[in-house]
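Read from first to last, the chains carry the letters A, B, C and D; within each, the first residue is number 1.
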Amino acid sequence: MTDSSQPTFDADPRGSMRKISGLDFLNGLMDGSLPPPPFAATTRIIPLEAEEGRVVFEGTPSCDFCNPMGVVHGGWVATLLDTGMACAVHSALKAGEAFTTLSLNITYARPVTEATGPLRCEAAVLHTGGRIAGAEGRIYDKSGNLIAHGSEICVVIRTGRGP
Amino acid sequence: MTDSSQPTFDADPRGSMRKISGLDFLNGLMDGSLPPPPFAATTRIIPLEAEEGRVVFEGTPSCDFCNPMGVVHGGWVATLLDTGMACAVHSALKAGEAFTTLSLNITYARPVTEATGPLRCEAAVLHTGGRIAGAEGRIYDKSGNLIAHGSEICVVIRTGRGP
Amino acid sequence: MTDSSQPTFDADPRGSMRKISGLDFLNGLMDGSLPPPPFAATTRIIPLEAEEGRVVFEGTPSCDFCNPMGVVHGGWVATLLDTGMACAVHSALKAGEAFTTLSLNITYARPVTEATGPLRCEAAVLHTGGRIAGAEGRIYDKSGNLIAHGSEICVVIRTGRGP
Amino acid sequence: MTDSSQPTFDADPRGSMRKISGLDFLNGLMDGSLPPPPFAATTRIIPLEAEEGRVVFEGTPSCDFCNPMGVVHGGWVATLLDTGMACAVHSALKAGEAFTTLSLNITYARPVTEATGPLRCEAAVLHTGGRIAGAEGRIYDKSGNLIAHGSEICVVIRTGRGP
């Protein structure tokens, strides 16, 4: 039996996601009225704050992603940064709009281990022009040290499928 | 009780890893004489081929990494590409040398879903100069379509801790 | 008095450029039937070869671009690489299509001085999907040493203004 | 006859440049006590402000760098951004230290023509760790529109050749 108080993942998530604005979607994730996406549990990445064009995510590093050196995989750090930057773009989209990520650049400033503890990813849209949006993001540890920074380009898709 | 036929993860993996060349390390992962790193099971990424300066990895996409659109997170694709390019650099290192990743660029050509099936990541070192090594990589699906491509810069650390 | 045997730069170059395919345009530059763009003389960058989706350019470094260290500015090297990658995209466009560059990544492997002599930039399109095209490029010196490598993303514009 | 009041370019610029801190070097360029580097006249790029770890440059676009579409070459924009980010790194170096650029990423937000007028490039160091320094930069037009943004990684060389 399903607990009906628990939101479940939409069978047609793309269509459903587009019915509301990006900011409403992110707010829905944060207040629990929308279910977390599958990757959130796997990667321990969750949204903390969202406004139009700017978001904050938290990622908690786990040795599930450790490389042979006992260091958390750079791909996990890229996943956190990508999540922040893509959702910054999403937060600026209206109902009926969607996006896809075109490119990601990341520079690593410090290694991450499980002992590093929760990381804070701050990301913001820098420009949106027609069908293209660009964002930047930074990841900090709890002491405010820069862990990584980068940029991302997304393609915005406007199909008029809004409500 | 531990199955003694199964290699276990080294308590001092960094030191242990440096005792052998990068190519011997990758060959050890492939023939099972060395244990897989923790991220391998989480991300379903494994090495297929390795020679000095060039590797092939396989990654099998799973909806454990799906985003709200039902698409595999770009961060997982970045993890596969980063794994390939970093290990291409590693494959060119001698015993006593280590490396750390400095930057990663990725361009996404096609979205990945669980239905895409196993992906092949081919990566190679392009140049090594003193303490810096650069690599490129490409990811293809089983039909040979380009999924993503990118480049990476690593810092090579030579501490003379070799055997 | 104008020498009528010398092609002059079109007052409406964008429209004119679109009337022919990218490959015809590059071939016109190489056989002298089309005038070189203004940047060619300033930067000493010229096309050597073009086929659909692949080009070779030559750039001759000059101390007009030297930095205070007597090294040719990385921006000049980026200009050569960008020229190659953008023209690789252009070479794959039909009449009526245009493009604009969205992003450029470059990794520098070796410094360039005036004494380095002419450089060879080889660039190719890796993928074109709808309105996006991705290219990669490499720059070599006359001894075949890798000087720089990178990637670029372009937006393709199809306005139906072809002949 | 040489005008002895005009500083001339050092025959051993690399050694000379290292005798003073990066900030002193940039201040010397701005107050005219040091000669401008050769690329400055070719590209019309000059420093406006410098403090430790942060600089502002101005670049005035010219059709000497126009492509066949009458648009200023993306390579010129990359040269301006690279100048800013590299000098931001330089501004944080002590006497006896030098640097070399390892990689450059740039995202283009708006095209530049000669009519765009002078551009402002703001750049800052984000992190310096051992031998690596990372910087970010943005280019704005006179109305404050974002023209381009990017990041750069430099290798810092400490040879103890200071005064």
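The criterion applied here is as follows: a residue touches a chain if its C-beta (ideal position, glycine included) is under 8 Å from a C-beta of that chain, and two chains touch if they have at least 3 such contacts.
Keep in mind the model is a prediction, meaning the values are calculated, not measured.
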Topological distance between chain A and chain C, in contact steps: 1
Chain pair among C-D, A-D or B-D whose interface repeats that of A-C, sharing over half of the contact pairs by residue number: B-D
Gap in Å, rounded to a whole number, between the CA centres of chain C and chain B: 33
Mean-CA-position distance for chain B and chain A (Å): 23
Intercentroid distance (Cα basis), chain D paired with chain B, Å: 36
Shared-contact residues (touching 2 or more other chains) in chain D: 102-103, 105, 107, 153
Touching residues on chain D, where the partner in the complex is chain B: 102-103, 105, 131-132, 153, 155
For the chain A and chain D complex, residues of the former touching the latter: 105, 107, 109-110, 126-127, 129, 134, 136, 138, 146, 149-151, 153
Residue numbers on chain B that touch chain A, as the complex places them: 13-14, 17, 25, 37-39, 42-43, 63-70, 73-76, 78-80, 82-83, 86, 98, 100-108, 111
